[in-house]
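Each structure below appears as C-alpha cells.
Shared chain: subunit A. Partners: subunit B in the first complex, subunit C in the second.
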Partner chain A sequence: MTAPVTAKSIGAISCHVCGLLVSSGLTTTHNARCPRCDARLHSRKVNSLSRTWALLIAAGILYVPANVYPVLTLISFGRSTTNTIMGGVIELAHSGQMVIAIIVFVASVFVPIFKIAALLFLVVSVQLRLKVQRRKRAVLYRFTEFIGRWSMIDIFMISILIGLVKLQALATVTAGPGAIAFAAVVIITMFAAMTFDPRLIWDDEGDDYDG
Partner chain B sequence: MEIDKDFTYTESLIACPECDLIHSVPSIREGEQGRCVRCGALLFVRHKNSLDRSLAFALTGLMFFILANIFPLLTFEMEGQSESNRLIDGAIAFWNAGYWELGIVVFISSVVAPLAVLLVLITLLLPMQFGRSPFSPQFQIRLLTHLKPWAMSEIFILGIIVAFVKLQDFADVSVGLSLFAFVLMVAATVMAYLTLDEDALWSRLKEIRA
Partner chain C sequence: MTDDSGQKLPEAKVRRGYASLMSIWIVPAIALAVAGYLIFQALSDRGSEISIIFDNAEGMVPGKTQLKYKDVNIGTLSRIDILDNEEGVSMVIDVTREADKYLTDTARFWVVSPAIGFQGITGLQTLLSGSFIEIDPGKGGERKTKFTGLRTAPVITSTDKGTEYILSTEKLSNINRGTPIIYKGLQVGSVLGYRLADDRKAIDVYAFVQEPYDDLVLEGTNFWNAGGINVSVSTSGIELGANSLQSLVAGAIEFGTRHIYESTFKAESRHRFKLYDNEQAKDDARFTEKVVYVLYFDGSVSGLTVGGSVEFKGIKVGSVRDISLEIDEANQKYYIPVLIEIEPQRIKLTDDGKKIRSVVERRELRQKIIKDLIQRGLKAKLKNANFLTGQLIVDLDLVPDKPAVYVSTSDRYPEIPTVPADLEEITSSVAQLMAKLDKLPIERLGKSVIGTMEGLDKFINSGELQTTIAEYRKLAVSIRVVAENIDTKTLPNIGKTIDGVREAIQKIDATLVSAETMFTSVNGLIADGSPFKYDLMNMLQELAAASRAVRSLADFLERNPSSLISGKR
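What follows is the complex of A and B.
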C-alpha cells in the first residue's frame, strides 16, 4: 500500500473557507490568499495546539466560578431562592419536569465538561503521536464541535426570565455572577474547538508507510 | 491514485477539510452525498435548484424574523399584573442589570447573527437570480462562514421552553404570537443552509462573471 495522498503531501493547500485546492506555487509568499474566496491560506490552522491548550486552560479555570456562583435569584412574596447551574437542574427535577431537567443537565453540566475533556484528549493524543483509532477521534472531534453551542440554553433561559419576571415584590428574577463565568466557558470552549485542527490527527499516518 | 500536481488551483480535486485526504470530485446526482473515505466527513452534496430554494427559504426566514420581533414571545401573569417580552428584551435585561457582557452575547447570538445570516444569503443570492454579480461575493461568503456558529436561534428556542416550564410552577404563562414566527424563522433558516450547495454557488458566480 502506498501512503495516503493529502493536500500537504502534494504541496497544495485546501482553503479553510471555500475548500478550493491551491498549489503551493501560489502559497510560497507570506499571507497568500485564496484565488476564489480571498480568505487567507494556511495548510494547517495557525498554532493550533498551543491556542487550543490556552483556551482549554482558561475554560477549566472559569468552570469553577461558573458552577460555584449562583446564576439566578428569584424573589417572590419576600422569599428568595438562589440557584447555581446544578441547583437549577435539581429544582426542575423536583418539580417533576424530568424531560426538561435532563435536557438542561446534558446541555449545562455534561456538555461543557465533556467538551473540555474531549478536546484535552484530542490535543494530547496528537502530541503523543497516537497512531490508533484515528477515525474514532475524527468522529469525536466532529461531535464535540457540534454540541458545544447547545450549552447556551441556560444563558438564554436566564435572559428570558430576567426580562419577563419583574413585578417588584410580587416576583422578580435577577441574574447572578455565575452566569458570566458560565457563558465565558461556553464561548471559550467554542473557540477551543475552532482552533483545534482535526487534520493533525491524520498528519503522521503517512509515516507508517515510509518505514 | 495518480494525481496531476501541475496546477495553480483546481476544481477537479478536493482535500477533505477534516483530514486533508485528496479526492477527485465525483459526478454525483441531485440528492446524493459524498463522504471522505478516510475520516467520514461530508464532502459533497447536490440539491435540486439549490440556489433558488436557498433564496426562497432565506426570504421566508426574513419575513418571520420581522414578525418575531413585533409581538411578544411570552406573557407572564401574576395577581392581576402582567409582563410580556419581545425577542430583544433578554439582551436589554442583561444590559440593564449591569451584566453588559452577557447583554452583548445574547444580542449577537439571538438577534444580530441570525438576522445577518439571512441578509447575507439574500444579498448574495437575489442579485444572482437576476444574472448579476453580488456586490462582494467573496466577502459575503466568508462572512457567512464566520457568522454561522454564532447564530443560535435554535438554542434560544430551547431556552424559551425551559423558561416557560420554570415559570409555570408559580404563575400563568402564555405563548405569544412571535414565538410561532420565531420557530418558523429557525426552520426556514435551517432549510436555507441545508439546500445551499457552495459548489453550485461558485460555478454560478463564474458563469455570471464570464
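What follows is the complex of A and C.
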C-alpha cells in the first residue's frame, strides 16, 4: 500500500476558505493569497506548534491564581465568606450535595487540567514524531475541543449570582480575582485547542509506507 | 495517479502585507505578569502575624472575626490557641501590611461585643456581624507581636486629648471606671480607674479631663463626689437632691474652682487633688483653722451627733467633733464631754477691709475674740434643731446673768461653760395657748346661758302652763262628743260615699299599677348597660358624626364650588 495523496505531497495548497487547490510554488512567503477568494494561503496552520505551546504555558500559569484566589465573596448579614473553587467543592460535599459537588469538580477542576494535559500530550507527540496511535490521538483532539466550553459553567454561575443577589445589607455576591483568572484559563485553552493543527498528526504518515 | 496530474494548478497571488509582528509568546508573558502580580500582591498584603492573649474566646470565630481600627478592617483572626498554662487563649491574627505600624508596645486590644450599661448601649452593630477585636494603636513605642488583651474597652483611646489627674479619696463609694466628670452639669471627662494608694490608706482615682476643659482644672480647683442622692437634714428641714439620673445610678465627680483661686496656675498632668465626699464637705474644707473646745452637759445628749453644727445666734461657726462618756469612780460622778471645733475663719472682722493684718495676726485676733466672748458670758446649750427628727445642735449664746460653771477634768482643751437646755420654747408655746384661751368670749357665753335658763324657769313656774293644760283637756272632751255624734248620724251616709270613693280608688289603683309596670319596663330599657340604651347612644353618635361630615362637606363645597364638577382633589 502506498502513502495517501495529500495536497502537500503533490506540491499544492488547499485554500482554507474556498477549497481551491493552488500550486505551492509561490507560497514560500507568508503573503500568498488565493487567486479566487483572496484568502491567505498556508499549507498548515501557521506556527501551530509554537502558538499552542505558548497558550498552554499561559493557561498553566493562570491556573495557579485561578485556584488559589477566591472566585466568589458572599457577604450576608455583615459576614463575608470567600470561597476558592476547591473550597466550594469541599463545602458542597460536606453539606451533602454530592451530585452538585461532582458536577462542579468535573467542570471546574477536572476539565481544565484534562484539556491542558491532553493538548500538551498532542503537541509533544507531534514534535517527537510519534508514529503510533494516530487515530486515537485524533479522537483525543476532537474530544478536547468539544469539552472545552463546558468548563465555563462556573463563570456563568458566578455571573448569574452577582446579577441576582443584590440585597445590599442582607446579602451581596462579588466575583474574586480567582474568577477572572479561571475565565482566562478556560478561554486560553480553547484558543490553544484551536491553534493546534490536527493534520500535523498525520503529516509524516508517508514515511511509514516508505520505510 | 489520477487525471488531476495533467492539469495545471492555478498560481497563488502574492500581495505585500505585514509579517505578523505580534508573537504568540506575548500571551504567556502577559499571563506570567498577571499571575506574578497577583502572587506579589498576596505576599505583600500578608502583613505580620500577632497573638493576643484573652481570658476566653467568647464570640470569636477563626477566619471570620476581624481586627478593626476605627471600624476599618485591618486583620482577620486565623486561629485560636489555648495557652499551655490554661490561663487564657491566644488569638492569632493576620494583620495587613498597612496596619503593621500600629503594632507597638503601646497598642491595646479589646473585644467589642454588645453591652448595656449605665453609660448607654454599646457595640450594637456586633449583634449582626458578631464580635470583633478593636485596637487602640497608642503613640509610638517598640514593635511587638505578642500582646495581652484588655478585659473591657478602655475609657479613653490614644486619640482622645486631655489631661489625667489623681484624686485622693478615703472611700471609693460609688466611683467606678467610666464615672463621668462633670463641670457645671456638662460631662467633660471620665474616671479611668482607681487603685489603692502606695501608703494603703487612701484610694487614688485616675480622672481624665478632655481638651479643652482641662484648662479649667487649676491648682486651686476642688473635686467632689456628686453622685448618688444628697440627703441633708438640717435646721431648715430635709433636703434631697441629685444631679442627674445617670449620676444617681452611676455616680459622678464634679469639680469647680472658688473665686479666690481662679488666678492659680493650670494644674499639670497627674496633679494630685483631694476628692471630697460631697459638695458640703468641699465647702467646709476651706475653713482650715480649727479651735477645739470642750463642753460638759448635765442632761442627755441623745440627738446630738458628731458633725452636728455649732451655731452662734443661728449662724454656723463650727461642728461637733466628738462625744464620749467619762466616769469618775472616786467621786461617783459621770461627765459627758462634747468636743466642738470652732472655725474662726467663719467669723468676719468688721475692720477686715481697712486694716491689713498678716495671716498669723488674724488668727490670733480671732482666737482672742472667742476668749473674750467666753469671759463676757458665752455659754453653750443644747437646742432642738428639728422637732421632727429630734436632732440637737449646740447653740452658743451670751448669757451673762447665769454663773459660769466649769467642770473640766483636764486642761487639754479650753472649756465653754454650759447652761441646761432651756424650756423657753415650751413656756412660749404655753403662753401662746393661754393667749388664745384669753381671747375666747367666755363671759358673754356664760351670760346668755344664764339668761336662757332664767326664761325657762319663769315659763315653767308662772301658772300659765297649768291653765293651758286644763284647756287642752276640755278641748279633748268636746272632740269626743262631736265624734260620737258623727258616729250615729252621719256615718251611714258617709259609708255610701266611701264605697263610691273606694271604687274610684280601686280604679286609680289599677291605673297606677299599670303605670308602674310601664315605668319599670321603660326604666329597664333606658337603664345603664341595657342594649336599648347602648343602641340609642350609638345611633346618636352616628348621627352626630354624620352631621359633622355633612357640615364639613358643606364647608368644603362653599370654599371649592368647582369640586362639584372636577371632583375632590
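Some points to look at:
Definition applied: the second predicted complex is superposed on the first by the 179 of 211 C-alpha atoms of A that agree within 3 Å, B and C clash if a C-alpha of one lies under 4 Å from a C-alpha of the other, contacts with A are read in each partner's own complex, and residues count from 1 in each chain.
Simple rule for what comes next: a residue touches a chain if its C-beta (ideal position, glycine included) is under 8 Å from a C-beta of that chain, and two chains touch if they have at least 3 such contacts.
Since the structure is predicted, the reported quantities are computational estimates derived from the model, not experimental observations.
Touch criterion met: A:V5 reaches subunit B and subunit C at once.
Once chain A of one complex is fitted onto chain A of the other, the partner contacts of A:L170 are limited to subunit B, with no touch recorded for subunit C. Residue contacts after overlaying the shared chain place A:A32 against subunit C, while subunit B stays out of touching range.
In the superposed model, A:P65 makes contact with subunit C only, not with subunit B. Of the two partner chains, subunit C is the only one touched by A:L55; subunit B is not. Counting residues of subunit A touched by each partner, subunit B versus subunit C, the larger count belongs to B.
In the superposed pair of complexes, A:I188 makes contact with subunit C only, with no contact to subunit B. Look at A:V22: by the touch rule set out above, it reaches both subunit B and subunit C. Judged by the touch definition given at the top, the superposed model places A:I90 against neither subunit B nor subunit C. Contact with subunit B, but none with subunit C, is seen for A:S14 once the two complexes are overlaid on the shared chain. In the superposition on chain A, the residues of subunit A touched by subunit B in one structure and by subunit C in the other are 5, 10, 12, 20-23, 25-26, 35-36, 38. Against subunit A, in their complex, subunit B makes its touches with residues 1, 3, 5, 7-11, 13-22, 38-41, 73-74, 76, 78-79, 81, 83-85, 89-94, 97, 99, 101-102, 105-106, 109-110, 138-139, 141-142, 145, 149, 152, 155-156, 158-163, 165-167, 169-171, 198, 202.
Listing the residues of subunit A that touch subunit C in their complex gives 5, 10, 12-13, 20-27, 29-36, 38, 41, 46-47, 50-51, 54-55, 57-59, 61-62, 64-65, 68-69, 77-79, 81, 177, 181, 184, 188, 195.
On the side of subunit A, the complex with subunit B involves touching residues 4-8, 10-12, 14, 16-23, 25-26, 35-39, 76, 92, 95, 97, 100, 103-104, 107, 134-135, 138-139, 141-142, 149-150, 152-157, 159-167, 170-171, 174-175, 179-180, 183, 187, 190, 194, 198-199, 201-203.
Contact residues of subunit C toward subunit A in the complex are 1-2, 4-5, 8-17, 19-20, 24-25, 27-28, 30-32, 34-35, 38-39, 42, 64, 125, 128-130.
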